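What follows is a set of structures for review.
Both complexes shown next keep subunit A, but they swap its partner, so subunit B is in the first and subunit C is in the second.
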Partner chain A sequence: MNFSVALQILISGLNLGCIYAALGLGFFVVYSVTRVFNLAQGEFVMLGGMLTASFYTMGIPLIPSILLAVIITALAGAGLYRFIMYPARKSSGVTKVFLTVGFALAIEGIALRVWGWEFRSLPAFFNSPSIQLWEATIFGQTPWVIGVTLLMVIGLFFFFGRTIQGKALRACADEPLGARMMGISIERMALFSFILAAGLGAVVGALITPLTMTSYSVGWPLTIKGVLAAFVGGITRAEGVILGGLVFGMIEAITAGLIPGGYHNAIAPGILILVLLFRRHGLLVTAGRE
Partner chain B sequence: MLVGVKALKEIPRKVTSANLQSLAIALSAIVLLTIPLGAGPYPITVMVDMGFYTIITMGIILLMGFAGQISLGHAAFFGCGAYASGVLTTQYHLSPWLALFLAAIFTGGIATIIGRFMFRLRGLILAGVTLALNLVFFHLVSSLVGLTGGAMGMMNIPPLSLGGFTSQNLLFNYYLVWIIAILLLVFSLNLANSRAGRALRSMNVHAGGSEDAAQVLGIDIMKYKVWAFVLSAVYASIAGSIYAHYTRIIEPGTFFVPLSALVVIMAILGGMASPWGAFLGAGLIIGLRELLRESMPVLVGGVTGSYELIAYGIILVVALLFLPQGLISIVHKAVPKKRAIVNES
Partner chain C sequence: MMGQNRAILQMNDVHANYGSVPALRGVSLYIRQGEIAVLTGPHGSGKTAMLKAICGLLSVVRGKVLFSGLSIHSLSPEKIVALGIAYVDEMKLLFPSMSVIDNLILGAYHRHRKEGRDKIEQDIKTVYQLFPVLKERRKQYAGTLSGGEQRMLAIGRALMSSPRLLLLDCPTLGLAPKLVKKVMGVISELRDQGVTILLIEQKVRTAINIADRRYVMEEGRIISEGSLSG
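Moving on to the complex of A and B:
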């Protein structure tokens, strides 16, 4: 294998890895605060992409389009918590998973009603041109994907690690009773986590639309990839989720480079399932710790 | 207050009294077998669809209601049966009946291997893995172009035939699907009241059982979990094979997560306390689907298919919040329960 092919694989692996890490982080935000396994996360990503694409084609500039999409999707996230998860907050984890599945199907149906069957796309952000680097091609959108994911990661680490609000969020998950005694409203924090996850999802949706196109039905594969990335890395820590995403992306890029014909789409998640079977707590967490 | 999927909680020790049960089976068999005499082709087409869903949902009820394990990937097993049947008949020119049989064995074998490893995991990660398996299956059949026709789908699958009738005949399909559904119902009911059924319920956390306690009593929980998983996969595979020979065209998009979610919704709506729940859930949801397909585009316009997705979502949420034991719980309350003495101790 020559250098330019290897470089191409590395770049596309990094690109995919950032996408999967970002998908996993949206899932992680809700899970780490509420212990809810949110299978509607991919629908937020779908909504973000579809809304941005429709606003953009209406003639609204890119940044306001994305902002509008993020706001609307965040409202959907708030609705999911307030009208479905909040009334069922005392239910078991299994019930909550199915509730998010119900919400996901409804959102998919609404998207189909509003936008129909057609695929939609966006040009690369600000029409960034492709870059040639030692015979490897970097698509114009790739630097945006990597850059924005990096910003999201830094923002989340700062938020969870350094701000009172972020620490309060973490406290809700670690010790709900203690958090409540400290005067933290667990319900408000849970609501906030759903809004944050939906907003992050919408940004990811806008980011990937120039690369992959989008339609009403893209939500489920995105949800599944996010879940896999999060669990393979270790859902208990943000670093784990990011690692999981990057590993997933690299495996997919390498298998795509070695085996042509779309098999990488099946092989990469297959490998991740195998990893999960043998390291059920994820790559980052040492065995025996939950 | 909702504590747990209550649907799973109230699994009666003996499903209902044996006499009532046989009466119900006989009655529904007579009704199902006589319906086509007075119905046109459209209702029969809908009923055939309902039959496929009933069979898969019965499998889901065995897995979720009895063994207490979640699967959000059963569309893959439905597809596995359909594609195995399709490949065996179009590429290897086997008889469709033999293909149906071999497809069920093949799917069961795959489910055994997967289950053996998968049930090392518990709870929600397991749900995530079943979802991921559905994704793997979808991409695998889309990529194996030479074998499955890829994303374009597989065409010209030969029909099943028996005594001069083929599954191009709508009534033949109707009777085939529903006779198999009733046979599987009888099998499931017997299973529920057997040693294996009691073992499964004893380890079902959602039904007040405990995996650890069951294990202490000497029940090989791994064996029973895998076993329930394999049975439910075989149910789905049988439905898939009949479906493939009936529609004669299959494409990967059919066998994805929305279908997996739909059969779970049917199980939850119908109620997981008894295999009868599958009949209620599938019947009601497919009935509603047809109603929406017929009326909504006329009334308010829009794409066919969108309203039913919204309705599935709403039904699932409403059922979980307000009718967590499913419709079967209403039936169980109405029917005077004459419990068998054997299982009461």
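Moving on to the complex of A and C:
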């Protein structure tokens, strides 16, 4: 394997890794506050991409298009909590997961009705041109994916580590009863976590559309990949989720680069399942605390 | 002292259940502002249930709970904390994977918007003065503290909400004798600063030294009440 192929694979892996890490963070935010696996996370990504593409083709500039898409998707996240998860807050964990699946299917159905089955696309942000690095070609959108993901990660770490509301969110995950005794409303924090996750998902959707195109049906595979990435790194820690995403992206890029024929779609998840068999709590989480 | 005899907490014929099991069967009590009241009685007599009913963790099915004349028995725990009642559970309920200082900051959660950072940092210093070990351990995860340190952190965190009424469930449970004395000292110091305290204590003799009033519970009722400060 020559240098340029290796570089191409590395960049493509980083690009995919950032996408999976950002997807995983959406799960992490909701899971850490509510202990719910939100299997509608991929639909937020789909909504973000489809809405941005729609607004953009209507002639609205890119940034306002993304903002509108994020706001509408965040509202969908708020709706999922307020009208489905909140009334079901006393139900079992399995019931809650299936409720998010139901929501995902409903969103997919609505998206099909509104947008049809056609794929939609966006140009690379601000028509960024491709970059030639030695023999490797970097698509103009890739630096945006990596940069914006990095910003989101920094923003989340600042929010959870430094602000009182972020700390309150962590407190709900750590000891819900203790949080209530401090005057923290768990319901409000849970609502906020769904809004935040939906907003993050929408940004990811806008980011990946120039690379992969989007349609009403892209949400579900993204959900599965995001969940897998989050679990491989360890869903109880943000660092774990990010690491899991990067590892997943790298493995997928390497297998796609070296093994022809589209087997990477099976190999990458396969490797991750093996990892999970040996490290039940994920790569970064060693202790038995769940 | 003025206002010494005003009731800060009044319970009238309060009934509450754990599921379908009655825990309180008509409790009436009257706690004056600025006193330490100690609750004693055998296991399962409803002492913890009483504290939980006051702070909203156990719903009151009949009767009334009044805090400074305000009826609170149908409010959520979040609202009750904001009114000035803090509860330290026997299990402590700390945030184990957060630092000591973050635990303290979150104790003041409901004050953040109104009072701002400076006031809260000032109060953290006050807690450090009461419990210097918490200052040494401020960056450590709460879950890594010893049992005694966790107990102190739980009390410190409750104080961060600047309560007018502090409910303590067995604050000296599992503590070494030296620490028991320390905690009792802090409790009477708080009383001198005007905080009213209602505590459950197994070591009746230690508590009685500092308490102004004693209630004895049995089977979900108060069976005797006596002033100790006379």
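Basically, the second predicted complex is superposed on the first by the 287 of 290 C-alpha atoms of A that agree within 3 Å, B and C clash if a C-alpha of one lies under 4 Å from a C-alpha of the other, contacts with A are read in each partner's own complex, and residues count from 1 in each chain.
The rule we apply is simple: contacts are C-beta pairs under 8 Å (C-beta built on N, C-alpha and C of every residue); 3 or more make two chains touch, one makes a residue touch a chain.
Just so you know, these numbers come straight off a predicted model, no measurement behind them.
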- After aligning the two structures on subunit A, examine subunit B and subunit C and state clash or fit. fit
- Does subunit B (first) or subunit C (second) touch A:I164, or do both, or does neither? second
- Message: Which partner chains sit in contact with A:M58 here, subunit B, subunit C, both or neither? Use first/second/both/neither.
- Response: neither
- Task: Using the touch definition from the top, say if A:T95 reaches subunit B (first), subunit C (second), both or neither.
- Result: first
- Message: Just checking: does A:G178 make contact with subunit B only, subunit C only, both, or neither of them? Give me first, second, both or neither.
- Response: second
- Task: Give the label of whichever partner, subunit B or subunit C, reaches more residues of subunit A.
- Result: B
- Task: Look at A:I224 in the shared chain and tell me whether it touches subunit B only, subunit C only, both, or neither; answer first, second, both or neither.
- Result: first
- Task: Enter the shortest inter-chain Cα distance between subunit B and subunit C once the structures share a common frame, rounded to whole Å.
- Result: 13
- Which residues would you name on subunit A as touching subunit B in one complex and subunit C in the other? none
- Can you list the subunit C residues touching subunit A in their complex? 55, 57, 76-79, 81-82, 86-87, 89, 92-98, 102, 105-107, 109-110, 112, 157, 161
- Provide the residue numbers of subunit A that touch subunit B in the complex, in ascending order. 37, 39, 84, 87-88, 90-95, 97-99, 101-110, 112-113, 116-117, 220-221, 223-225, 227-228, 231, 261-263, 265-266, 269-270, 272-273, 276-277, 280
- Message: For the complex, give me every residue of subunit A touching subunit C.
- Response: 164, 167-168, 170-171, 174-175, 177-185, 289
- Item | subunit B - residues contacting subunit A, complex | 1-5, 70, 72, 117-118, 120-121, 123-125, 127-129, 131-137, 139-140, 142-143, 145, 206, 256-258, 261, 264-265, 268, 302-303, 305-317, 320-321, 324
